[in-house]
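Heads up: the structure comes next, in structure tokens.
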Amino acid sequence: MKFDSPRVGVLDAGSRDSIADVGEVTVGHATLADDTIQTGVTVIRPHAGDLYRHPLPAASVVFNGFGKTVGLVQLDELGVLETPIALTNTFAVGTIATAMIRTAVKANPGIGRMLPTVNPVVGECNDGFLNDLQAFAVSEAHYTQAYDDARADFGQGAVGAGRGMSCFELKGGIGSASRVASRGGSRYVVGALVLANFGRLPQLTIGGVAIGRTLVPACGSTSESGSIIVVLATDAPLDARQLRRLALRCAAGIARTGSNFAHGSGDIAIAFSTAQGLPDVPDALLDPLFDAAAEAVEQSIVHALFAAQTVHGRDGHVRPAIRERLPDWRERISATRS
Amino acid sequence: MKFDSPRVGVLDAGSRDSIADVGEVTVGHATLADDTIQTGVTVIRPHAGDLYRHPLPAASVVFNGFGKTVGLVQLDELGVLETPIALTNTFAVGTIATAMIRTAVKANPGIGRMLPTVNPVVGECNDGFLNDLQAFAVSEAHYTQAYDDARADFGQGAVGAGRGMSCFELKGGIGSASRVASRGGSRYVVGALVLANFGRLPQLTIGGVAIGRTLVPACGSTSESGSIIVVLATDAPLDARQLRRLALRCAAGIARTGSNFAHGSGDIAIAFSTAQGLPDVPDALLDPLFDAAAEAVEQSIVHALFAAQTVHGRDGHVRPAIRERLPDWRERISATRS
Amino acid sequence: MKFDSPRVGVLDAGSRDSIADVGEVTVGHATLADDTIQTGVTVIRPHAGDLYRHPLPAASVVFNGFGKTVGLVQLDELGVLETPIALTNTFAVGTIATAMIRTAVKANPGIGRMLPTVNPVVGECNDGFLNDLQAFAVSEAHYTQAYDDARADFGQGAVGAGRGMSCFELKGGIGSASRVASRGGSRYVVGALVLANFGRLPQLTIGGVAIGRTLVPACGSTSESGSIIVVLATDAPLDARQLRRLALRCAAGIARTGSNFAHGSGDIAIAFSTAQGLPDVPDALLDPLFDAAAEAVEQSIVHALFAAQTVHGRDGHVRPAIRERLPDWRERISATRS
Amino acid sequence: MKFDSPRVGVLDAGSRDSIADVGEVTVGHATLADDTIQTGVTVIRPHAGDLYRHPLPAASVVFNGFGKTVGLVQLDELGVLETPIALTNTFAVGTIATAMIRTAVKANPGIGRMLPTVNPVVGECNDGFLNDLQAFAVSEAHYTQAYDDARADFGQGAVGAGRGMSCFELKGGIGSASRVASRGGSRYVVGALVLANFGRLPQLTIGGVAIGRTLVPACGSTSESGSIIVVLATDAPLDARQLRRLALRCAAGIARTGSNFAHGSGDIAIAFSTAQGLPDVPDALLDPLFDAAAEAVEQSIVHALFAAQTVHGRDGHVRPAIRERLPDWRERISATRS
């Protein structure tokens, strides 16, 4: 997917500058966009196989727990991801979790009989400003639709779970980026995907430029019951403890866009490694990965904003695309970067 | 509800010896018992009002996170319980969470619009030994049914979410007890309710007597993918940090029945206070409450066993009631207590 | 203390723009500066009285645990600070902890007899680039000296525990700032004090300007075994859970100066409230405090840099003051802020 | 060391029934016993080499954080133990931590210069009932003495750090035990060492027998400002996340002796693995290790009691040996075990 966007940071991006630069990671969407229904589902597939049979090391960090993400209790105890990661709206978490169990059972009929149960991981943000949450529009079929849609060249912005999300009182949603971590002979990629639904306009900062203060807020809600879910992927062979350390660095990327982790924002990061084989990166060599994680997250948020189109939702609510509000962004943001 | 059971510990019980001794706490069940469907829903209502409008201080502790309980991220961040607590089987968590959101929205139509979203709390255990989990038999209506059934004089044993649960390879399920914590002039009650689905028979210990070693195991699975969910209630005015401390003491009660918190067991405790007004119990005076919590949990597990009847489930699986396997329990257990 | 420094953020500072704007907080230093000995002790006194008899609510957050801070286990369990907070070098933590116990015992002779023991809180960073750690130069008397030196108008930069610290390969040390959080009729102050000893030069960012990339590194070590200890104070009546939430927002301030929480950096925040009486700020009103915390921390780090003078230490090692390396900072940094 | 003691549990012990059954683990003591000075230092050496150069995977769990153990922040972040583990009294923690740094520096002169600093791990309990804490009798030399004393056939009871400790109002102190975890072809050992200084007499339970209720309390303090530090060792190749899981199971062993983790008790477990090579035990096979850990801890506490002799301390305080108070323990405890 192509869209123009400011470039933040100093590290090299992968060839797609998205989470799909990591191993076989793919992403699919089901988008519901019909009048007062502006919502959807996004599925991150860590590899092309069956996660239940071939789980990956994983960990999470909760920066601010005003959120309803499911699956973290077991993820953190066992250090393992055994389903794809789904993202959706706050009211749809239960439905999507059920869909994920059903999908896993279909592929592995022993689950819940002679095999252990499965732990679905579902992140959520509140898209209620644009979307009529009370319609409960997301169904189990939308999980399947998003799962089947998974591809390396996936859409960003107001698509999938990002359809109804707001970010800095502008249109937010799905964004993704990647950064390369090199050190000595090794070269690893860290990819991020965000569901960005947080922030107040005056805080918005891009590449260090406090651009939000210069923009006139749209009328309407400045509700702060936002959130950001970050999914981090890396091909570096890290164990769960190290992935938790990696996930923590997402805080730096989020903060640099202007967030102070507002009370009402469920700010959560989940990290997994796609590497085969045993972990073998000494902690003392993690800094390039940490830098890549922070920068990939910052860039992902910027991508979410710049990929998004304006969306009109329930009760006349509108979230404008940043590119409409800031047509001269190239001059105003890049000027300070050289 | 009346049933004979060994008495453990030394503290006084409340008048009902159940969680209903605390404030206005009530409990309701929806029980599904039809051939291969042996499952259900249990709802703990912390007070008679609307939890979303009148939330209570609360906290949780995860002893072993092999579990899919939802709602703990926000519960622990904000220290607040804003729905009843529902218990069900592992595959039904999503459905019940959705039902709880729908119920809260019906009572508070601003939720997800001008009011913040709601954080449903649903605990689960795996009843797949007796119950055909893959039938997904629990529906949203069962939540309403259990909610409407709530009463102080509720059933225990193989009812509600406990219908299909196994405990020490015997029939487990719902158990509840209370203990009085007195010190100086103050008198508080700690009540516990457990969904008991854990343990191997040889470990079973009642009142310090390692009775499980003397029992011949039933044929069939000794699957350890069990769990225990503990709900603790107290009328002591504790804040969330203190409730987390109280919840941790459940570990002692669980351990005394023989558990070592097996790998496959999602062992989780959630505690709330029904007190009105600001917290005002100094930490230095918590020990009587801690003792009451540990003993109430141990007694609740014993109650779950002794209230349960034998249940036949899927594929010829059976879990016998302990009172059938141990008809002479009065002689064998009480003997060591005097 | 007066020194010129860039101003970051948008909120009002308190009258001193330091942690001493909060209640009765004072700060004292003992500075050891003699050839290869470049180290010291800094003491933050939360109030003028005896903390053991009049403890304050407190909490901590560990962003990156490569550090040896003592006292956090009990601080987090009980939510209480019962000594001043001392800062020193990594090797002196034990000595200072002992000195703090001795001081508390002198004032309260029942400690360890009929009264409970006391929990000293000591943060540390590694000043070994400039200071000869192996000389173990800090003694118990330096704690008393710093304690007795406590005042509202305290020094910043290369003083006290900050004497030997490095920050972005420049001279770091002690910095402090404050921000006012207003909302409705309430007005609270959040003050921060940092012991800043972290960061690589190319990352240094001030007020959004990535100024570090433009500076030529000094020769010598670019050791990253740095750290930052943040002490947050507020006069808002928060409980320990809320103070933990406040402390987490320090991550945003640290990140905005360029840090990604490097592997070797012990990044830790401790927050306390000086308010009398019971906590009574609803969580939904915390955002102005969160913003103030993040901004006070960012400003404190900038203050640490701009207050510092160049220091020569062991083996010819030097850390230059930023004002020497960046004499034209007014043009280069303020230009982008208007 | 030989002493008679009740045997608890069902698993096989190692040949020494102590932590020295694990790999090369040895233990040494420095005991101070002179009138009002009844205290000391105990050092657990995980292997015969230099831990800083050859660190081991490790983790900790804090059950109740009323304690001043140092070193856990870094231990848990990096999952690594890089010094021996020292135990001492509450006031001596700082002194012993300093001694450990000095020892590490002597062996590795680059520490704090070109090498990272070292993270000493020191656990503590409050022996102030018998010992005059305010004498600060423990010096750095006692660490060296205990370190040099390390052996496989070490003393238990009122020795080393255990000299002044109380347990269930009886004489407590150092206890150790081991259990064998077998499954399939594998055979691992889990060893425990406790510094036992907790509990009220009426709670004391040995092998399920609530024996404490039958004993007449000694006159004098029933101070509950006790604690228990557990050190767990295993030769199973576990990683830090798994060792944290193992450490949590110590709660079961502690609880079975009667403790409810009293408010004033710093109850902490630290676990390490002595295995060479990469971790390779699947979590699903951990249960035998979990059972071994719980049982080894319960047995260690019993050993601490039965190895201890009566100690007279400050101000006429006395803690009697259990074997004096319970000369007929063989009949009273073993009777229920057959």
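Each chain carries a letter (A, B, C and D) given by its place in the written order, and its residues are counted from 1.
Definition applied: a residue touches a chain if its C-beta (ideal position, glycine included) is under 8 Å from a C-beta of that chain, and two chains touch if they have at least 3 such contacts.
Computed from a predicted structure; not experimentally measured.
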| item | value |
| --- | --- |
| Greatest separation from subunit A - chain, by CA centre | D |
| A-D or C-D - the one linked by more C-beta pairs in contact | C-D |
| Rounded Å distance, subunit A centre to subunit C centre (Cα mean) | 33 |
| Chain centre separation (subunit C, subunit D; CA means) in Å | 35 |
| Between subunit A and subunit D, centroid-to-centroid distance (C-alpha), Å | 45 |
| Numbers and ranges of subunit D residues touching at least 2 other chains | 64, 77-78, 245, 264, 283 |
| Of all residues in subunit A, those that touch subunit C in their complex | 10, 63-64, 202, 205, 208-210, 213, 224, 245, 248-249, 251-253, 255-256, 259-264, 283-284, 286-287, 290-291, 293-294, 336-337 |
| Footprint of subunit C on subunit D - complex, ascending | 62, 64-74, 76-78, 90-91, 93-98, 101-102, 105, 109, 111-113, 116-117, 119-120, 126, 128, 133-134, 136, 225, 264, 266, 268 |
| Interfacial residue positions of subunit B with respect to subunit C in the complex | 77-79, 239-241, 245, 278-280, 283 |
